[in-house]
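Please read through the structure below; I'll follow up with questions.
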Amino acid sequence: MTAEAVLTQVLNGLTIGAVLMLIAMGLTIIFGLMEVVNFAHGALYMLGAYLTVTVVATTGRFWLSLLFAPIVVGAFALLFELTMIRPLYGRDPLRQVLLTFGVAVVLREGVEIVWGPRVQLLLPPSALAGSVEFFGVQYPTYRLAVLVAAFGIAGFVWLVLKRTNIGLIVRSGAFDRDMVDALGINVRRVFTGVFVAGAALASLAGVLVGPLRSVQPDMGNDVIVDAFIAVIVGGLGSLPGAVVGALLVGMAELMGALVIPGMAKAAVYIAVGIVMIIKPAGLFGSDRSAGGVA
Amino acid sequence: MSLLEIRSLTKEFGHLTAVRHVNLAISAGERHAIIGSNGAGKTSLFHMITGRLRPTLGSVHFRGVEITALPPHRIARMGLARSFQITNIFPHLSVRENLRLGFQAQRRRRHAWETGRSILAETAERAASLLELLNLSIVADAVSGTLSYGDQRRLEIGLALAVDPVLILLDEPTAGMSLAATHEIVDLLRQISRQVTLLLIEHDIDVVLKLSDRITVMHQGAILAQGTPAEVERNSRVQDAYFGSAIGLAAETSA
Amino acid sequence: MIKRRIFFEIAAGLILLILPLASDRLFNAYYLDLATRIIIIWIALLGYDILAGYTGLVSFGQAMFFGLGAYGAAWALLYVAPSLPLVLLIGVAASTTAAVIIGYLSIRTRGVYFILLTLVFAEFGYQAVFNGGEITGGQNGLSSLPKAPLEIGSIMISDWNDPTAAYYLAVVGFVVAYIFARWIVGSPFGSTLAAVRDNDDRATYLGYNTASIKRRAFTISGMFAGFSGALWAHHQSYVSPELFHWTLSGQFLIMTWLGGVGTLLGPLVGGAVFTYFADFLSSIMKNWLIIFGVVYVLVVLYAPQGLWGTLVSLVPRSAR
């Protein structure tokens, strides 16, 4: 295997990981703050991709979907959170899992009804078509752009969380919800905001990934397990964990495909299973209530 | 030999030392109370005895056997029961079923041909008599989560009794109760203490004085004093800790 | 209350037994086959209810055990001496063994982590089977499985293609499973499941080894799922990786919650309704699942006892 080929594969793995990262980030913050396991998160990602298809089909402009998708998906998430998730706060967390799972099913079928079952083809915007010379390899421009964009977005989220007041509230809330509540801050609004933001992030991931992977109704289901794995390995509730976890999953799958094609995914899952058993709290997590051997 | 022997029990959470080299010996039939301000380490001590927390140092021996690292269910099986400060019952099950489950926990199949039905029947019978003792017969079939606070607290103690223990650890059994309810609990505990050894954490000094043979005073994780109620009352260090800090400060500032 | 239920069970049982007689008059053989499939799935639902409903452990692993039972039976049908009891036994053994192992590994984790871990295992199972090449038939699965004969004394039943025979086989399997499930749930062990679900912590302090109880429940559910899967493989003469996919677990989940967890009968209602309407609606619209999705979400939000549970609760206490 030549150095160029290795680099290409590394970049591929990073690209997958980067997209997964955006999904995982939303998923983990939502869990860390609200203890909601959002099974529908993959569906939100899928909506982002499908909305891009429509935007491109009607206006021919890819860039528009970067704005359009998060807004539409965000609005949907707002409705979703207010009507369905709010009533279940503080109740049995299993019910939330059941609920969001049901919504994921409805969204998947709904997407298929509206857009049809066939794979939709999305091309990268013409400005980013073609390939570029990158450290000795010819790499598709669009993929590099996705990498840059994903990390850029993640960086932006990180800044918001670390440097702004809202970010501080979210982080403290993830640490101690009641304390934030006692300080007089409307915790419910924070929850809603976080949920909508997470959904917007997932939809952006969907927009970005559209030209890279097949846009089909099962893409939500296909990605959600990987997203859960990324989040668990990194530690539920930990943002750096989500980033690391996602990149690990992306790289592992690709590397695995090189070494043991076919069984790559299976091997990843077994490895993950082992991690979850030994330290369910993940690499960066510290949730003692998770159980496990540690 | 003491029924429960605690040697040098210590618990550190990072830089915070919750329990500091506690030594305690409880004899069979004794009624022993642990008192101390909040954060004195009393509940952590209970957690370590019952297997919920692993001590950083020290050991716990029960009936001559070391139980320090044992899982909670094994310790419970040996006859060490516990009631909780925050009511910890089976909220969706009936009061009767709550107690019955307690009896069933210790129930082993006596013969190979013993049917499930007979086990269920026998444990139900024993639950019925315990209901009488706890004065909960009237609400026996009510869903326990819907009971009044006082009733729930009695059920809480009842659950600890149902496992037929040799020693019960009671964590603030009269917490949040009216005077009348407290009297009831004290009577109940007095009755129980004829067959079971009691170790309780309490804030209510009246209860402590009425119910205990010996008292241990804890302060900031360590034992401040130990002895009969009279001895403890006279103890100057206890006086300092409970009433003295203001005087001590005043003495210092005026010096 | 119990007497009424037993009365209902016997009545339902009798209906099940005489159903085929109506086959040619009221409906055709196709519906008999549909009923057969429903009854086979019922067995898996019983196991799932014991785990999720009675013990409170929501798992996405059901499909994996169902698939293992199916594939185990498929291999037995293809490579082992033909005998129906043996085939079923191999299927159940495969799923039960896996359930013991995976249960031991997963039960140490709690709540959300447990659910996700079962999901990961299910996905692993699916990938392994999907990419299993020759051994598992890969993407296409294993088809054209032969039927296995059943010898009772001197009688040999081997024409399982006959819808009536296939139906009664399913009914017998189901009745056995149901009696077993009722016995478990009504036993002292069964009462501990409710304790674990309601307050795992306190149960531990009473002296119950809750991890062990949960593992046993997990194994039991794996056993039921495997038995169901084995019967399924034999009936359909075909197995495919989809039987392992977590979305199938999701369907079991929907069936169970739709009907009403923790009642054994609820999931059966859910399963029958789901499968029947799936069959019926799929001829009208491809995405019939969305209707169930919506109903399911509504049930989770507003009627968590499920359809059957809500129905039962509407009957005044005295009449039950």
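Order of writing sets the labels: A, B and C. Residues in every chain begin at 1.
Note that in this section contacts are C-beta pairs under 8 Å (C-beta built on N, C-alpha and C of every residue); 3 or more make two chains touch, one makes a residue touch a chain.
All figures in this text were calculated on a predicted structure; none of them were measured in a lab.
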Per-chain C-alpha mean nearest global C-alpha mean belongs to chain C
Taking each chain's centre as the mean of its CA atoms, the one lying farthest from the centre of chain A is chain B
The distance between the C-alpha centres of chain A and chain C, rounded to whole Å, is 33
Rounded to the nearest Å, the gap between Cα centres of chain A and chain B is 48
Taking each chain's centre as the mean of its CA atoms, chain B sits from chain C at a distance in Å of 44
Shared-interface residues of chain B (touching two or more other chains) are none
Flagged in chain A as touching 2+ other chains are none
Chain C partner, complex, touching residues on chain B are 50, 71-73, 76-77, 81-82, 84, 88-93, 97, 100-102, 104-107, 116, 119-120, 123, 159, 162-163
The answer for chain C against chain A in the complex is residues 56, 58, 105-106, 108-117, 119-121, 123-124, 127-128, 131, 133, 246-247, 250, 253-254, 257, 286-287, 289-290, 292-294, 296-297, 300-301, 304
In the complex, the residues of chain C that touch chain B are 186-189, 191-192, 194-195, 198-199, 201-210
Within their complex, chain A touches chain C through residues 31, 35, 37, 84, 87-88, 93-95, 97-99, 101-103, 105-106, 109-110, 112-113, 117, 221, 225, 228-229, 232, 236, 262-263, 265-266, 269-270, 272-273, 276-277, 280, 289-293
